[in-house]
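Working notes, structure below.
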Amino acid sequence: MSERVVDLGFARVDVDREARQGAPEVVYGPGKTAGEIAAVVSALLARNSGPVLATRIESAVAEAVLAAVPGGAYEPAARLLVWRPAPTGSFAVAVVTAGTSDGPVAAEAAAVAGALGLAVTVVRDVGVAGIHRLLAETGRLRAADAVIVVAGMEGALASAVGGLVAAPVIAVPTSVGYGAALEGVTALLAMLSSCAAGLTVVNIDSGFGAAMAAHRLAHAAARHASPSAPEPGGRR
Amino acid sequence: MSERVVDLGFARVDVDREARQGAPEVVYGPGKTAGEIAAVVSALLARNSGPVLATRIESAVAEAVLAAVPGGAYEPAARLLVWRPAPTGSFAVAVVTAGTSDGPVAAEAAAVAGALGLAVTVVRDVGVAGIHRLLAETGRLRAADAVIVVAGMEGALASAVGGLVAAPVIAVPTSVGYGAALEGVTALLAMLSSCAAGLTVVNIDSGFGAAMAAHRLAHAAARHASPSAPEPGGRR
Amino acid sequence: MSERVVDLGFARVDVDREARQGAPEVVYGPGKTAGEIAAVVSALLARNSGPVLATRIESAVAEAVLAAVPGGAYEPAARLLVWRPAPTGSFAVAVVTAGTSDGPVAAEAAAVAGALGLAVTVVRDVGVAGIHRLLAETGRLRAADAVIVVAGMEGALASAVGGLVAAPVIAVPTSVGYGAALEGVTALLAMLSSCAAGLTVVNIDSGFGAAMAAHRLAHAAARHASPSAPEPGGRR
Amino acid sequence: MSERVVDLGFARVDVDREARQGAPEVVYGPGKTAGEIAAVVSALLARNSGPVLATRIESAVAEAVLAAVPGGAYEPAARLLVWRPAPTGSFAVAVVTAGTSDGPVAAEAAAVAGALGLAVTVVRDVGVAGIHRLLAETGRLRAADAVIVVAGMEGALASAVGGLVAAPVIAVPTSVGYGAALEGVTALLAMLSSCAAGLTVVNIDSGFGAAMAAHRLAHAAARHASPSAPEPGGRR
Amino acid sequence: MSERVVDLGFARVDVDREARQGAPEVVYGPGKTAGEIAAVVSALLARNSGPVLATRIESAVAEAVLAAVPGGAYEPAARLLVWRPAPTGSFAVAVVTAGTSDGPVAAEAAAVAGALGLAVTVVRDVGVAGIHRLLAETGRLRAADAVIVVAGMEGALASAVGGLVAAPVIAVPTSVGYGAALEGVTALLAMLSSCAAGLTVVNIDSGFGAAMAAHRLAHAAARHASPSAPEPGGRR
Amino acid sequence: MSERVVDLGFARVDVDREARQGAPEVVYGPGKTAGEIAAVVSALLARNSGPVLATRIESAVAEAVLAAVPGGAYEPAARLLVWRPAPTGSFAVAVVTAGTSDGPVAAEAAAVAGALGLAVTVVRDVGVAGIHRLLAETGRLRAADAVIVVAGMEGALASAVGGLVAAPVIAVPTSVGYGAALEGVTALLAMLSSCAAGLTVVNIDSGFGAAMAAHRLAHAAARHASPSAPEPGGRR
Amino acid sequence: MSERVVDLGFARVDVDREARQGAPEVVYGPGKTAGEIAAVVSALLARNSGPVLATRIESAVAEAVLAAVPGGAYEPAARLLVWRPAPTGSFAVAVVTAGTSDGPVAAEAAAVAGALGLAVTVVRDVGVAGIHRLLAETGRLRAADAVIVVAGMEGALASAVGGLVAAPVIAVPTSVGYGAALEGVTALLAMLSSCAAGLTVVNIDSGFGAAMAAHRLAHAAARHASPSAPEPGGRR
Amino acid sequence: MSERVVDLGFARVDVDREARQGAPEVVYGPGKTAGEIAAVVSALLARNSGPVLATRIESAVAEAVLAAVPGGAYEPAARLLVWRPAPTGSFAVAVVTAGTSDGPVAAEAAAVAGALGLAVTVVRDVGVAGIHRLLAETGRLRAADAVIVVAGMEGALASAVGGLVAAPVIAVPTSVGYGAALEGVTALLAMLSSCAAGLTVVNIDSGFGAAMAAHRLAHAAARHASPSAPEPGGRR
């Protein structure tokens, strides 16, 4: 067991996860000091060979972590730190947003997915109040192997997209909106109740969760295509 | 004051409402016996001149009431009793549904609106999971003076319609769906949070409320067009 | 399609909305920089001919936007920026408030409606705890083509107004109150459950939504009166 | 202590309550057999001298209990069993309802209050959608020492009454309504958030609770008027 | 009607309330400037003869208002401004708290009640986790004409007090506690569900509401004792 | 692994649990046929040596199961089936209820605890509305090694007991009550928010859960007293 | 457009969906008569070539539908009707349940997935209270291309599985449990909040939704492996 | 009675609690000034002989209190002040956390338990997403007399631990997580709905409550082992 876990005292790092799931453990920033983040990242870099990520990192913290652990890059819109990004593979993911306010969540989804080796396209600002904007992008949506839909308020975009494409749809409710939008709970419930069959949903504002779900899909597709071949994104 | 209210002991009938609001008080059936419904209807017929309606009436009760107060008609799909329906006027209302399960609520909306003199068209089963069904009906929707959208589950149809038409949109969430649909609360919250500007919403499953709101619109339009002329549906 | 949407990179502006719905897309300020707001406003001014609005704009942002896009005006109580306001038409809207704390939401409703060409009257501070204040204003309320009721706490004013007028009533719950008022949710639920038939409701604190709903009514009334004539507020 | 409690095995009867609070313990029917109710009632009749009540009793159960413990009376509308009702005193309570569906809750309030010696008037069906109905009854409301307001849906009647009278107002939300009325929760929250100062609220559908609260008021008023004199309703 | 309302432009002051309800309108501070508060207070002082109060006033605002309208006093613990307090009458109110954190709400209840002429006693820190603390105060509680119970967390004190006294009990849930206390909602629901019969409840943290309810009780008791005599606290 | 699980096709029985946790897996009845229950019980009897229980069994099902698996006994009030009950040990548990309606949940707690070898005392009907009833039982409560408090409505009894005893208190909220009692959610939240320190809470109506928690306590106490000796109830 | 929709009067069948999404529209049974179901099924059979399904069909209705539309089969545990099931393809799905009560939802998931051509394995009754049961099945779980986790109560199984496999995990919360399980809402929220990264969630009790999501995955994997080849399950 | 309570004016200190429950009253810091905390602590030190604790104390306040009442110690991670900690006894408690963000709550639990004389072990960061981390610690968990499980998000760790150990499990939900984690409510509901039998739960983030519950267990175990001997931690 000592091979599979690194105990840093304040944290127990699951260095086995890369072997088990095709991607290393991802560091969740809030509540950790820059020093703690750096220590976990260093352990992951030393004991794994694939990409290492830290999410929800504010810029001041990012600077401190990068000083301690060189070789990484910070994407401010996504609040993401990345070391050793995977080479871009062939699995195509479209990240679609309803409005400009959904941008930060979409940025996290896109950046995490990209760092894990997925081929990402972003389709912005195609909410259903102007449905022709969405229909004009049908081609780009249908070209994707999976679609991540990022929408707040009533989240109707997920249903509309779900009806247009045959690919897996991962819906991300956002906390955009006020009053009856209930900090994203309304979009969450709406997406779960969608009349479009076979949608799946992740937590509110979890661009990260959607990207990880897409990574699982890419993993499955690659394995299904060729069980003995290396996995997408070069992670094995 | 004795002119404006009829006290039946078990109920105080607001016979002044027709003069004040352009339509008589409508009788809400649940919790009242057939005898009580008949008594209120009789008072309204005697003291008003326009249409008299009783809503949410089961068929056995309807039969008993009609036996006691002849001259009415029962519409089973809408669970509605009507006496002296108004002649159909020029104000056009489209009632649009997302799925077949929304039918009973749409039937109530259509029947109440029709009894009050509105010109009603029903457009069925155009939920956003197959958006081309909706787009194919754009012409009929744009021809209406007002649109009532009846949808359960995630209620996304309201946003899509709201973006297609310039007319007033009255959204009716229904209790269709299960689990996260929360008996219609999800559709309600979603419609209130819609990204399409200027939608209005009524209570869950309230086809009646939507029709009454449409009647207020017709009233306003008629008055605006010709303040001194008779109102639509012949109610004055 | 390229004619109907302007892609600014960070946003996709629906410049077709004016033709489709009688009023241009309105810019929602929160989450956008002054530069982004200015860019969208400029696109709308260039591609549309009617009024252009930006809502929920703090004064410092407003100053920056006005410097970049001259010709606009800022109404601080409503937090609204307006360029090319429509001339005032004949459709009369009364905005009624329950208490002084409901003022900012009413100001937004009044300012947006006014900018879109509606003729607005404000009736302040007539909550039901002193019902004679409301009854004294019955005449002004009945003179309106539509009534917007702005109320927090228990929102009872909507029901009282709904029983006094025949015109369409658009109820706006506000987040005024504490404890059991649940940030406006109680007023929202109460207005939806109103015993006054035919009320419609918009989102909590959405003076904007109520004004847009009133604009749809004015549109419908004008069209109904004279289908081939220009619309109210000079928007065609 | 053995003097103050009677242990029946399945229940521990608080026979001291009459001395401590001016009225005996009241038996809550649901979940108890007719035999159990009869046993508790017998214990209370034997160890107390004032009125004995059992609430929420269906008619079949009532018949069985009355057969076992003669001398009582059953009021079906209130689902109440009463033995030894108190003589009617001078403390006047008005029970006011918004609509006919609120009748059963009002009946319980009126019957319990009456059995405890309060002088009860019922004012029916004066909901705010026809505010003139309420205003016409202002005199009767102002004549009461306390007012119980029974209302479902949005519960706005409580606020309106609260603004008309100086007396204590006890608001009883009812589960009347559907959808957003949330089984009475909306009326409950609305009454607690009322803009009329000094209202108090009891549980949903609790006509019993309101009557007991009124009894406490009568007790306080009698004591205040004449601390050493017997209490209203002859209960000491 | 012009006699009964003073229109200040930003507010419509109900100067008739003193005559109608035995106490002038009370000014709610949040959302109003010091200048607005001063204007309303001045109108009330000029058109009424009894006490004038403004609640939830922070100390800086209080200072500014007192400078503009001399003759008032500020009670910081209660955040209350008072002009012309009523002389203390004979109606005795006990304000009871569960813990020290409930102090500010109790202070508001006590100060408002005192300013309206009630005779107030405060019994602090007798929560049910040490029930002997409460029992030791039974005598003081039973001496009161009414009891206001102020408690957060699970609010169990209201039930315990309700079982000890025959007087009216007004329960005030507070937002004290964390997690499952849900900002006072748990105490609110618990008090409404109390097994002690005849409790009444006001809004979360509303010491003001409880005091106004007690004032209504005092009014009723005084009137009941002597319908034609002046009211308690000298308010007529 | 094949030693530790018995696969019955429709269920996978955890026959290792007795060794791991000191008591066999307990069969939850709802949703299982009498035949399925009998099969699981038989597997547990064959592969374990301690008591075997099935909970929430209606009497008709119980009869069928007992016919198929002789040697068991049914306790109707607790809806419990028991085979091989443990001999009563020395760990004393008091089960305390607030009212008679809490009886069935208390019966389940008492019967399960008894079947597992705990020494159970039941103290009925000591709700806080008559606090002297509870205080009169202080001695019996303090004699127990652990106390299970069963209460619905506002659940205040848990706090009062928590302040009287030093022993572990396991609070069981019940669904007794109506309206604001929210099917037991209010009692649950109140117990979790208790001002009495160190209470623990189980699920609504889960007499079973409370008894299992008490069994864990007995286990811990026995082990702590004598780590190498047999456990209470003879289960090892 | 007329080619893509069949209007049956009571329903508008989206016969284009098979071409657009790789599987025909699925008929949702509740609220439809046997005759209506038969008509929709017939339209789908006539205008599509792949499998046709109707879900949530009670056995009496199933019999009537099968009599009207021969060639179908009914699976009672899944409440599913199927015509023209797809041949089983190579995409492997494991359906895992926490307890026996989750069986019906798992049966629906398995039957729908099987009818669409997926290769389904069911792993029953491996809830985390006996974690060795789950670990013993790790091999079967890791052999699957996707895993559907069906769990009620606290839904912890989804997190445990999510940590064991690299494949996509679709979590289905069920309404199994009582009290704090809140009819499946607790499991739903727990699954959405899972500490295992990249899980996705569908609606409560929606075995159907999970199977459709799995079908989308199979579609994506097949297309990714060989964009121009036929899809899995023979649906093109 | 004067012996059992010390009245400090602003607070009523329950100095009898040590005798009644084996540990003195614990001071809850929020809302109290440093001076008030010092006064209560001084009263407790003077009238009791065991440990005295103050919880949720920020460091600046702690410094001021320690200056006023020397002899105490501050543990910043736990935000705890302690005077006269009990000597460590033989009752062993394991505090287990799911992730590093649960650290502060675990620190409070461990520090309070330690100050009361329990022998505490902390097992960090063993959430179910990497179940092997938990299984590797099974030995340490099984060695404990009681286990406190601290987990946010979906709280699944409680169920997994509950299935591994026979000892009492006290689950502490934390507010760690976002969106559907609902500030700890999801973990709370999940732990209450656990499929592992006999878990108990305390309030969200209440490390203090869990430690006090563990102290009650230790008390019971010690008493059970030797009713007449001194209690663990030297508290008698």
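To keep things simple, chains are lettered A, B, C, D, E, F, G and H as they appear, and every chain counts its residues starting from 1.
Keep this in mind: contacts are C-beta pairs under 8 Å (C-beta built on N, C-alpha and C of every residue); 3 or more make two chains touch, one makes a residue touch a chain.
Keep in mind that this is a model prediction, so the values were computed, not measured.
Chains that touch both chain D and chain G are the following: B, F.
If you average the CA atoms of chain B and of chain G, the two centres end up 37 Å from each other. For this pair, chain A with chain B, the centres built from the Cα atoms lie 45 Å apart.
Distance between chain centres (mean CA atoms), chain C to chain F: 58 Å. Across the assembly, chain B contributes residues 129-130, 163-164, 179-181, 185, 188, 192-193, 197, 203-204 that each touch 2 or more other chains. All chain pairs in contact, by the document's touch criterion: A-B, A-C, A-G, A-H, B-C, B-D, B-G, C-D, C-E, D-E, D-F, E-F, E-H, F-G, F-H, G-H. Put simply, chain C touches chain D in their complex at residues 98-99, 127-131, 135, 153-156, 159-160, 162-164, 177, 179-182, 185-197.
On the side of chain E, the complex with chain C involves touching residues 1, 4-5, 10-12, 14, 16-17, 25, 28, 30-32, 36, 173, 175, 184-185, 188, 203-206.
Those residues of chain C that touch chain B in the shared complex are 20-22, 26, 90-91, 145-146, 163-170, 188, 192-193, 197-204, 208-209, 211-217, 219-226. Put simply, chain E touches chain H in their complex at residues 100-101, 103, 124-126, 129-130, 132-133, 136, 176, 178-181.
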